[in-house]
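Pasting the structures in now, so scroll down.
In what comes next, chain A is part of two complexes: it sits with chain B in the first one and with chain C in the second one.
After this line comes the complex of A and B, so read on.
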């Protein structure tokens, strides 16, 4: 585990989390949540939890984002906050 | 110096607390239901980050697979400092699956809500419900 890379990824993760709850568009929120999940699984790979990381990459980031984008097209993209 | 090392050395845990509070804030304070679900997802991922951080070890520990050099190194095949703790990994594997299924059910409820009220804002839905009651 390289600590400089670790801190960099942790900072980008926090930025992605804040951005995904503040953007005024649900589709952007879904895509930022997907980026957040992929960065999180990079972090877990660095910590040696490869099984958790590839489950998160396949299911948490891939399928969740696909579901969310599919749901957004059946709903509205508009949000007030 | 000792306390500074403690604070800096555990940076994963500080970021986990920050992420957890971001998710909690989104669940409580956001008006849009989709944003609340995003907050729930962030909250759950933060908890998984905490558990994986407890499992990690410094000093070249790897995943629990016995290699030939491990056997050659000593008489005992399995020594704990050579391996990461696999128990939190397995627990969090289950938690990820639960997270995704919760997310899917929440999205289904959200779509039904939109079909009925044509909006995802909490206050607008509350206003419609109040109007229907009167």
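After this line comes the complex of A and C, so read on.
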């Protein structure tokens, strides 16, 4: 894989991971976690693990984000802490 | 998700997208033993098509296409296919999930029997994963209200009240 692209994706992964646990809006947190999963999928594709990347794209970025949004629908959007 | 907000663009796009998603999910399940993919990923894609239907329309429209009883039957049938093929291999004299002994009952040689056995297991896993994912999403989206329950109207009213308060 091109190392410049690799470092760029790693940087965005770290930014998404930190942002998803610091942001106050829970819906934004769920969507940032989906973006994190999709970027991890890109990293795994670059490393040649296509099956793991496929699982990450289907489960991590697709289904679990839908579950989180369905759970956010039933509670207050902003955290208290 | 509980109340239906009619939007022509979203409903038309999802009506076009759901069959394509389901066809891609079946492709992933059917080619899981020869290429990347498999029962788990294909089942998740099939469940995602149902979740798209729930989000674009509402739960009642989606349940008219696939009821919870059918969902439970598919879940149990998928686990039954997986465990049944594994135990069939034990009965025929091999190890658990040792597909090559299936050539005693299938009219093919052991290599082809291994190919067919893993395809059957992928189909079972795909059915079970799809049904369980749909069941989890329906339980989250409807707060555990099931078919034929009386309080579904009051639940949707409570949600709209709380959203107005925010």
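In this text, the second predicted complex is superposed on the first by the 80 of 81 C-alpha atoms of A that agree within 3 Å, B and C clash if a C-alpha of one lies under 4 Å from a C-alpha of the other, contacts with A are read in each partner's own complex, and residues count from 1 in each chain.
Definition applied: contacts are C-beta pairs under 8 Å (C-beta built on N, C-alpha and C of every residue); 3 or more make two chains touch, one makes a residue touch a chain.
Computed from a predicted model, the values in this text were never measured in an experiment.
**Student:** So, on chain A, is it clash or fit between chain B and chain C?
**Tutor:** With chain A as the common anchor, chain B and chain C both fit in the superposed model.
**Student:** Identify the partner contact of A:55: answer first if only chain B is touched, second if only chain C is, both if each is, neither if none is.
**Tutor:** both
**Student:** One more residue to check, A:76. First (chain B), second (chain C), both or neither?
**Tutor:** Touch partners of A:76: chain B and chain C.
**Student:** After the superposition on A, what does A:67 contact: first (chain B), second (chain C), both or neither?
**Tutor:** In the superposed model, A:67 contacts both chain B and chain C.
**Student:** Which chain makes contact with more of the residues of chain A, chain B or else chain C?
**Tutor:** Between chain B and chain C, the winner on chain A residue contacts is B.
**Student:** Could you tell me if A:37 is touching chain B, chain C, both of them or neither one (first, second, both, neither)?
**Tutor:** The first partner, chain B, only.
**Student:** With both complexes overlaid on chain A, what's the closest CA-to-CA approach of chain B to chain C, in Å?
**Tutor:** Comparing every C-alpha of chain B with every C-alpha of chain C, the smallest gap is 7 Å.
**Student:** Check chain A for residues that touch chain B in one structure and chain C in the other, and list them.
**Tutor:** Chain A residues touching both partners: 50-51, 55, 59, 63, 67, 71, 74, 76.
**Student:** Going by the contact rule at the top, pick out the chain B residues touching chain A in the complex.
**Tutor:** 11-12, 15, 18-19, 22-23, 25-26, 30-32, 34-35, 38-39, 41-42, 45, 48-49, 52-53, 55-56, 58, 61-63, 84, 89-90, 92-93, 96-97, 99-100, 103-104, 107, 110-111, 114, 118-121
**Student:** Which bits of chain A are touching chain C when the two form their complex?
**Tutor:** The touching residues are 50-51, 54-55, 58-59, 62-63, 66-67, 70-71, 73-74, 76-77.
**Student:** Spell out the residues on chain C that touch chain A in their complex, using ranges where they run on.
**Tutor:** For this pair, the touching residues of chain C are 1, 28, 36-38, 40-41, 44-45, 47-48, 51, 55, 133, 136-137, 140-141, 143, 159, 166.
**Student:** List the residues on chain A that touch chain B in their complex, please.
**Tutor:** Residues 1, 6-7, 10, 13-14, 17-18, 20-21, 26, 29-30, 33, 36-37, 40, 43-44, 47-52, 55-56, 59-60, 63-64, 67-68, 71-72, 74-76, 79-81.
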